[in-house]
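This is the structure I have questions about; it appears just below.
Chain IDs A, B, C, D and E follow the sequence of writing; residue 1 opens each chain.
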């Protein structure tokens, strides 16, 4: 029996021997290193490694198949898309990772797949919507400081989702503890049906609709993506309808100002296109004092839109996701490895009966675990909602499945594994989406198939997932 | 010895596993500072008795009193909090926790830091071997070390009553001796009350004050250890004499 | 040779419901009366009646579950055979003539029961958690569909479709082909992944199920095999001839039963019904024979303790592959039937939810128990296709006549809370309740019942979790499948 | 030599559990392997039976190399075993457990199974008879229909032995077969092991910590310590070996064996 | 309702639960509204009409099983449904086997009618025509030379997208990509290559709940060109979902905006009043389908001398519908059950405010003959 249990650190041979070094041991015993520096560095390392590996593979493919389709130079396309693909991979990867944590925590302790977890994520997303929407309805949302608003929304979702997870455990899993593991699997599935349609009933009655759109339009700080420039200081030089718009730069810094035929604007919108700043209705384009409407009348001469792809708009929400995830993962790591309760949870995960003999309240530990897993799911839900803008009661299914895959990929039961699994899956998906398009016989619809093949390959070579500890059975 | 009320008193205990009637009305008592041993054939219900006391299984009928207070129906962690330590059959070390962490978990109910440190020291003086291995994962210890750890872990909570289930099973002869030695020391020096289950009945009776003989879920004989050791039937059936 | 288990079930039969019957004759009498009442009621139900939906929801399940009831009764085997034969071969078609929707339900029940029995081999017997089982079903349906559909697939363009007049023979051959192809795919998938342990296997099979669906959905380019998301249209079916139609017509006249709808599709349905119950019969025999054999025992051994099993000479991978392939083969053959019956094969019918719902049948009924799985399949299928639907229809009927209960006008029931919208909601609750109240399943296999009883007294920390206790299983695998 | 083990080693990560062990087992003998906890005894059994792959070394059984074979192939080659912690199939009946043990000697054919061909029925019948006989042999007559899990511990150990015997092995490896038995029960078990050798002609190797059993039954003893073989010889040689006393027996136990059980070995031998 | 009236039932089948239920419920509600408002003529003939809504759960098996149930209720004379072509195709086999007429409000898939069944009709346009009409218009947008085609991999979305692509190529536009996606929430990965390919226009064959979100995310990611889609875009919800990004989006529709037909506006208002929510796409078509069915039944009864008609007679009468003035235009069925002439409208989203949805600019109206008609006319 391979006993997989909650563990946070992979066992890597070389690192193990390094750890024995006295200096390293001293550093390691420092809690700042153990609970902050190491986990953060590890996450950065994973991000960079995952991105690097995928980039190398993508270029390798482009060497093998330089021109998958007439007039398409694969390498050039990859270069154009690279930053975008990485950012999107990281964004979705962290969401997967946070959901995967819920699967992994629960699996680590109770050894069963909590299929209802995807709905806990969904509830988090819906709660996030309810809060922001109510704030928006009361008209106060714009006055909130984002540094307070985002944590407020996320933490509320965490509390509700965490509470829900605990409730579910109490009602539907605890009575079944000790029965074959497939039994709670079925109650979990039943619950997930119940939750989806239950939430739908709630929002249908209260809102008459179940497409729940976050009021992101009213959140100033979410609107302006951070443009990253890859080709020097001048961004754009966009030419629309014979007019060239140049973004002004001073000392190599890109300003939020645009120059059109000599006049300077703080923001321009042409048709649906916003160049920096706040999207303004076409008729509202203002320059200092003069109205500039010549541009609108003509519509757009799209041929003249110049290469704008060197700009990558990093959505603020992606940054929020990454930051929140990092903070929460650091806290979780500390909680599980550095606190007494964490130790209790790990003990329960390894042997419930004996943990009870030691005076540990097994039920409480299980409840705490469910709360943690649920809270992470809830946070992921709210952040996901902020990022994609619209959620529904059905939104949990796909990310839930993906996150489950990520948890397995990383080694189910392993917290760090969930992170790595999520990032890997996000990155693989993003790169596949970005490159498969150019292969006429394939296309993005095969993304899942390829991603799945990657999963199988990894599992064949690492049967317990990327970081899963292979605890060989002692016979 | 019969000065005060018994520390642990079991009366007419019936325990079932599903429809298997494992304990059929067991009664026994353990006085403070005593080592009492349960002997009996396989499946006699020795382990079940210990499990029932520590709350791992719930009896269907009967009383278990700790210092005169009923503990029937309490959960394992509640019984533990009342000062009962149980070293379960098969050691049951947390395999992925280090030796130190195993001991820390053993001290779950210890609130004070100073007390904790003291007990840790005590454990290491009792088992110097463990001190050498504080950072090793429990699962990689050898059987004997695991057994030491299991006992030390139970002692961390400073329980008044210690339930030991076959502490010598599967151990090399050298270690068997060492373990019995330690049990005796714990009883004498730390003044623990001990309920001991052993297949190695001879050694158990050597260190125990009294003993009970169990057969298919019932107590068939109880006496002082010395008299049990010379009892014809006991010698024949449980000590392997022909 | 499993006398003890037989004894257990006999004893169970005696002590429970059947315990009240003094002797077999009375029991047989009771069963005959029961059947007569149920069949009589079914035939006399009137669709125009206000309460039709609720009535049929009560009576039809009572009818279709009767074979299981008969089977569990303590009466001589011949009687069982006679009564079950009566129900399935005579009563059901007659009821079908009076209302072919019951035939449809019966066919669907057979289809899902067959699938559930196949999955039971994989999950229940061998303990391998397969979440992509529906894929093999899809394979069967597509195999038949691709060679008979008039959709613009490559098969059609190459002119290698099976002409309608030879579809009767071809159908039987294709059931065999479905079996073979699905089994081969099962083996191909199994070879690399069966070395994985429980939950890893679960995710891989889940992914595989999705892959098959995605391939089906995108199999229209660059070469059109599956007609993509449009699905295969006009899939062939074993045809009925005028003779059969005429005979059904005569029968309905003799019985004086008014046929709603046309005779030909009715005859077709009856034909499918007989095909479906024959296939289910074969599957039952196969499953039963597998269970009580070297193979079945080896699977149980693997399920309970892989290491011990392989050390005792049971070749793990080969036996697991066998389970995987046989389970797949069941699904493949039923897939052929399904394709022919629906005359339309599209990727939408083969989603993860379908896999899960078959798994639910297996577990609700009782993992590893053939009778239980049969019951589980019946109950879940009827729940999904009849009971929950009729519940909504009943409410709607009451709305239509402005029915008033306790002063409340059913008509005022808000549309947001219309029961039809909450079928899955109710289904979810039912799943949870069934598992909470019967965690071992409705009719558990005797050894599973054993597994469960142990925990009755100790819900919190089951001693079963104590590896290495003398009498507890040394192996957590015994506590659940797919470890 | 029925079994020849040469220079076999096995490491787990940093732990070198078995270090170039060499030993031979004579056809028709009863031998023991002893050693302190964690010495690598069980690991050695696992290497022999293919559960673990040896890092180095050769294992030749009955003239055939066992290196690279899967456990089921090793079983088919004629080596059967029991486990240190009992691993019966807990919810199968005792009889079924034993029948599974014969798997490698059976014809497993789907077609025969499904068609219930006469050959299938004949095989089932023979198998049932054989399993019943084995149960009788192991002193479990009449317990065939009990569910394995419900048996007392001692009986479970016997079922393990019967199950291992069902594959008609040439060699049976017993891992602490009397652990957790009281002295009376272990004496019975010893008699059973002797009969396995004497009546069935199967070579027996056992791992034990109970010196009464080891000294009473073995014709040959090998001692492992820290993965290495430190001694090899007859029981009296081993008992007198200072290294063995130091590492394993302990002074008390070494001296304690004789006074407490002065004639057990002799008595058994006399029967 | 008078007791002596004979009862006729009309069934609907659409998804009432699950993610597509918002459209399915709209179908169900619109049929209910039509039956309530338009059963007068039948009442006069001595018949009362009952409505039996079924939930097909967007699943073929459930649809077929319901269909079996429906055909066995002798009182049911017609079905309005389904939403999903994947469900309509197998279910209509059952209807057709039993002569039961079906009028589809939403199944634009070509195969629905191309099978030539006498019982299967639809009031909406066809994917082939709609897709082609969209492409023809796209080619006229100034500056559009390249397109990128997305679809939702359903029979509907992929079907219409394929026809769009074919016509776009025929019109000389360069098709930079043709991709299907089941993604519903996060389109990041799909947008990246689009940004790199810089198409002038993105066509998305899908339904607003998916496409609205896509559009808002594509704009946020920096896409600067045009968007276009089929009638799946036609929902006020689209404006909510896509926000500012959706302004300027072109879409084709087979239903006229309510501003064009007064009756449609009335319908929308009635709907809102009765059900407390806005009508969704295919609502007007469902209303029309139900009206046609009611009219057909009445005609069949009259032809039958006032007696209860057979299903075949009803089917025949429905097929004979000629010049029916519905909310979506005049409908005459051809021999396959397609409207002989169907209107295809090209509209442009004018505002991010969903209340303004009905004021979207109507850019072009095309009356296009069904393939059968077109063939007849050309020969």
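What we mean here is this: a residue touches a chain if its C-beta (ideal position, glycine included) is under 8 Å from a C-beta of that chain, and two chains touch if they have at least 3 such contacts.
All of these numbers come straight from a predicted model, not from anything done at the bench.
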Shared interface partners, meaning chains that touch chain C and chain E: A
Innermost chain, taking as reference the mean of every protein Cα atom displayed: C
Centroid comparison with chain A (C-alpha atoms), farthest chain: D
Between C-D and A-C, the pair with more C-beta contacts: A-C
Centre-of-Cα separation between chain D and chain B, whole angstrom: 30
Geometric centre distance via CA averages, chain E-chain B, whole Å: 76
Separation of mean Cα positions, chain B and chain A [Å, integer]: 50
Euclidean distance of C-alpha centroids - chain A vs chain E, Å: 36
Chain B, residues touching no fewer than two other chains: 42-43, 56, 75-76, 88, 90, 92
Two or more partner chains touched - positions in chain E: 17-18, 153, 180
Two or more partner chains touched - positions in chain C: 217-218, 307, 421-422, 424-425, 448, 450-451, 455, 458, 460-461, 463, 466-468, 470-471, 475
Residues of chain A that touch chain E when the two form their complex: 77, 80-81, 84-85, 88-89, 91-92, 95, 197, 208-211, 213, 217, 225, 271-274, 279, 299-303, 305, 307-309, 311-313, 315, 384, 387-392, 394-395, 398-399, 429-430, 432-435, 437-438, 443-445, 447
List of chain C residues in touch with chain A within their complex: 123, 129, 192-193, 195-197, 199-200, 202-204, 206-208, 210-211, 214-215, 217-218, 221-222, 307, 352, 356, 359-360, 363-364, 367, 414, 416-417, 421-422, 424-425, 427-432, 435-436, 439-440, 448, 451-452, 455, 458-467, 475-477, 479-483
Chain A to chain B touching residues, read off their complex: 3, 5, 7, 340, 343-344, 346-347, 350-351, 353-362, 469, 471, 474
Interfacial residue positions of chain C with respect to chain E in the complex: 47-48, 99-101, 103-105, 108, 217-218, 228-231, 233-234, 260-262, 264-265, 268-269, 342-344, 346, 348-349, 384-385, 389, 392-393, 396-397, 400-401, 415, 418, 420-425
Chain D-touching residues of chain C, taken from the complex the two chains share: 1-5, 286, 289-290, 293-295, 297-298, 300-301, 304-305, 307-316, 322, 326, 447-448, 450-451, 467-468, 470-475, 478
